[in-house]
Amino acid sequence: MDKKINIAIIGLGYWGPNLLRNFSSLSRCDVFYCCDSNQDALDKFLSQYPSTKFTTNYDAILNDRNVRAVAIATPVFTHFELAKKALLAGKHVFLEKPMASSVKECEELVKLAEERDLVLMIDHTFLFTGAIKKIKKLITNGELGDLHYFDSERINLGLLQKDINVIWDLASHDVSIINYLFEELRPVSVMATGGSYINKKFEEIAHIHIDFASGAIGAIHVSWLSPVKIRKILIGGSKKMIIYNDIEPSEKVKIYDKGVSINLEEETSQKPIYRSGDVYIPKIEETEALRSETEHFINCILDDENPLVDGHAGIKVVRILEASDQSLRTGQKIIL
Amino acid sequence: MDKKINIAIIGLGYWGPNLLRNFSSLSRCDVFYCCDSNQDALDKFLSQYPSTKFTTNYDAILNDRNVRAVAIATPVFTHFELAKKALLAGKHVFLEKPMASSVKECEELVKLAEERDLVLMIDHTFLFTGAIKKIKKLITNGELGDLHYFDSERINLGLLQKDINVIWDLASHDVSIINYLFEELRPVSVMATGGSYINKKFEEIAHIHIDFASGAIGAIHVSWLSPVKIRKILIGGSKKMIIYNDIEPSEKVKIYDKGVSINLEEETSQKPIYRSGDVYIPKIEETEALRSETEHFINCILDDENPLVDGHAGIKVVRILEASDQSLRTGQKIIL
Amino acid sequence: MDKKINIAIIGLGYWGPNLLRNFSSLSRCDVFYCCDSNQDALDKFLSQYPSTKFTTNYDAILNDRNVRAVAIATPVFTHFELAKKALLAGKHVFLEKPMASSVKECEELVKLAEERDLVLMIDHTFLFTGAIKKIKKLITNGELGDLHYFDSERINLGLLQKDINVIWDLASHDVSIINYLFEELRPVSVMATGGSYINKKFEEIAHIHIDFASGAIGAIHVSWLSPVKIRKILIGGSKKMIIYNDIEPSEKVKIYDKGVSINLEEETSQKPIYRSGDVYIPKIEETEALRSETEHFINCILDDENPLVDGHAGIKVVRILEASDQSLRTGQKIIL
Amino acid sequence: MDKKINIAIIGLGYWGPNLLRNFSSLSRCDVFYCCDSNQDALDKFLSQYPSTKFTTNYDAILNDRNVRAVAIATPVFTHFELAKKALLAGKHVFLEKPMASSVKECEELVKLAEERDLVLMIDHTFLFTGAIKKIKKLITNGELGDLHYFDSERINLGLLQKDINVIWDLASHDVSIINYLFEELRPVSVMATGGSYINKKFEEIAHIHIDFASGAIGAIHVSWLSPVKIRKILIGGSKKMIIYNDIEPSEKVKIYDKGVSINLEEETSQKPIYRSGDVYIPKIEETEALRSETEHFINCILDDENPLVDGHAGIKVVRILEASDQSLRTGQKIIL
């Protein structure tokens, strides 16, 4: 007998409709409910999803035993309450990034999920893209050698968020990516700078620096106030280097067989040797990341798989975001 | 009667030959001497400049009363001694950037020059490019509105320097540019991060953050370990924004009529308004910057003009480089 | 009283769904029917458009007096028969490009429409894009001066068509654009070259050259066999030049204040003078072209407007496509 | 005993100085003379090349038995007379492209050289670039499969020539490249179109089409009237495709593992199969092409090697240029 479950989508603002579209397309789940506190947001989807129930009543969903899981895509400050309630009601939870507003909240959610043996998966979609999967593989296979740096630029004009700064909005992507790619390294400190010129409350531009125990460094530049859109990550290793340009329609990932070395043992010769070889642009899998991700969540529930991005991964991201905020407030480097 | 002076070029390594070529082309000066401690460096230019004397003896030049000025293009750690001697010998000095190894040294040079009424000009060539001159004009005319941020990326593979880190090598350009463009603002603190993976002594990658009293921020990313060459500066103002891409053969400076605003007075409406208008790429003057710069130095001597980049400007650059180094060592934000 | 009409979409292959989506979104029309000979094509849209009837019976639609107009998006070789029948049935016709397989067929359709006073509009969508509208305005205002050349490159890998060559598929766009922009000039001859390497029947690569009476030239390069996607049009005038790069997400149209001139009256001085000024990237209207186009069709019917692209414009395109084919077959320049 | 020869550079206009610099740098030859009808052109180089004689007297050079070879870089219309005289005087000849003004002239030069057993090499520099050498190797190794098309775009603003059209100026490069790369194929016809808007005499824009016996096609677009500079060649084969972008400072050659195929044997299935694999950017040798080329010329003389680009190769280029001109005049396709 083929298994199938019912899920509910919570929040139909910017991201929720993508969850709705993807979960609806899966064969092993049905979108049983959609929920939003704003009736207008619901009305837009009524005719397109005739077999789904649309409601503003979250509790009713949690009380419905037909529903096994919820996918929450609401503002960050509501994540903790909504996810906690869902876990307490015995529902599996797919939770929009960033996981919650503090490490403390995240930890409580992980504890709840583990106690009840429920799947808690955080929606860091980038980790399901063909590009990041390819880069992860290259790093795991040792093709880059020792990892030296990660340098990300994620800037464009808008969209300013009303309740969080640009770090919680945009840098959460880069932090999840660096955590995933530099998984074997241990981050030891975080330093952040930034500025706010329009809303005067939340940083619209920020730079984050992460030091790793190995000496590797991560730098993340995010901005809502750039005239041009840039989505670029540079990764340097002792053997090879990568540029990942997400703006490119194709040819997103370029692998450079380039490097510099010095024979440090020969005291006399300190002249660097520059190596510049071929460049290679691998074919990247084009499946929509969110499609694989939502499918993976359903598999985790039905086939008892472990989520690629579980609550612990979610905590690690929030820990760095929290430290970044703290560094912004104090002007100090924050030890993790 | 037309005035004309003799000058001497000190150091024929990487940059010196450019000084030689440019000063030789000027009508109001003759390159009387070229000096380098390495005879081979001199030999390469003998036949091409038959009327110039080539020597390894710096003191002989300083003692020659025919010589009115020296242009020094030697390693940074020698700047102070060489320039000090020249000033004491009554010569005007054109000094390669960065001015010297410490603010203390720089201040002594300024004092010497002022006491003797000698021209002391620091070679920050970028300030003489058509691109920076154009951007300066736009800022001065108020076209950008209030200045929000300066963001520079100056990265490529190599050339690792043996005696200085990447900040003193590459970021000295960006610091001179930001000091010039954000002249009206006051830098209050500097924070820097970085890493060294090849030579294990001098940072090969670094990020510098400068906070200004107005709330504006400057960010500078420099690296010798990037697989790709990037030379890009973004400048954001309340009215317009600029991208200056120095890699572009033409179309280096793009001015975006873009911005974001919020009517903060109306408590109820906090929705940002995005403005996205035309883009304008001004025709940039194509004269070689070093040509105008060397000519300007000669004019300063002969016509009693004030150098665009005098010793005080040189100090301001070194102050930020020094603070960056200090921040790298201590992990702290340095108050200027 | 507000007027409103019913229309039918004929053909739900590649383009038809876009017509369906756009016509459905308009306030002054209802999509009453969708028709396709393939029931599977229809089934895909049933649930999404509950108030539309889906049928495989074209004649039934033509016999339904509730339907005032049809929008035909079927293979080219069917255009003539389907449009003719519709016009004979008294329906207004929105007809996918190219209009029909021959000038003769096109002329018959125009005659039928005019006799019955029906709107016959050809779907050359590019003429409704913000970019082309902007360029048309610049030309009309005389900003480019005398028009010298039009040079288009529209190449990528695929999608090979089964029933037409790359000229009828891709170059039909460029021919409609050049006809529109160079409206004041008269094309006098056409020459075409090309090759077929995969299907061995229909050209997969082609170059078309159009000579205008004024001496201006048009060159169109289309290909289904290029490893990279290029969508670029260069337009040269005596005063200014334009590059229109449709791949760019923004900054599609760049206007160059550049030119070359020779003072031909002074016999002695034949030296060209090169002028290279600023570049200007106008803000382009971002409305979906097909949205304005479908709305325009409805307005033509209800408000008695003249279609921007009527049957005569459609004929002019087909005339050049037909001449191109003839040139390919004979290796000769075809006089129009 | 090491052999060494004296050569003379004829013509110090635009290209001659590059020949002077390169031949002067070679160990197995000395530049004994430089010749130009314009004394000012000579004066510019006097001081830099003290051991070279500068003269306006060509005959004196030919009469000097110390001179073994001449390198001619004068306007095209003078090539035949100057080269003929040199060959008659027993000098080896390095002749600027295009070889001469007509096939007839070229053939006479080849005959003279062969009768006297003299080296006659045509300066098609592009064939000595790392990029073209790499592409040639890929084609020869069969990596591209069957060759389908060659498509070149060589356009920018200026420099209009006074005595030749844009075909003889710019397209001569592309014709030499296609002749070299498609060496195994036989060109059968040439068709050209173009226009002249500034000087009203010589085409400033032109398109050339070459049909090969195999069905392959070559297309060349050259212009002096483009607002942007493009130097791009696309080459399509049945297995792989190449884009060669000469504007790129690095990454000039990109090899695409892309293609389209149809199983033509299965009558029922005519659906094309698109293949899109990795992209590979080979490291390209960075030696100055003219350096290898001039060295090769000296080796041909001293070591009895055959020139890579001999008189016969020169004729093949001029034959296509001549046919292009003829096609421009007659509006006809010219059979070779």
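First chain written, first letter: the chains are A, B, C and D, and each begins at residue 1.
Rule of thumb we're sticking to: contacts are C-beta pairs under 8 Å (C-beta built on N, C-alpha and C of every residue); 3 or more make two chains touch, one makes a residue touch a chain.
What you see is a predicted model, and the numbers here were worked out from it, not measured in a lab.
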Return the chains common to the contact lists of chain C and chain D.
A, B
Go through the assembly and pull out the chains touching chain A as well as chain C.
B, D
Pick the pair with more C-beta contacts: A-D or B-D?
A-D
So which chain is the furthest away from chain A, centre to centre on CA atoms?
D
Calculate how many whole Å lie between the centre of chain A and the centre of chain D, each centre taken as the average of the chain's C-alpha atoms.
53
Taking each chain's mean CA coordinate, chain A and chain B are separated, in whole Å, by 40
Centroid of chain B to centroid of chain D, CA atoms only: how many Å?
42
The positions of chain B in contact with two or more other chains are 254, 276
Touching residues on chain D, where the partner in the complex is chain C:
146, 148-149, 151, 153, 155, 157-160, 162, 189, 191, 193-195, 197-200, 204-205, 207, 209, 211, 215-217, 219, 221, 223-228, 234, 236, 238, 241-243, 254, 256, 258, 260-262, 264, 270, 272, 274, 276, 331-333
Parts of chain A lying in touch with chain D, wherever the complex brings them together
251, 254, 257, 276-283
Any idea which chain C residues touch chain A in the complex?
47-48, 50, 229, 247, 249
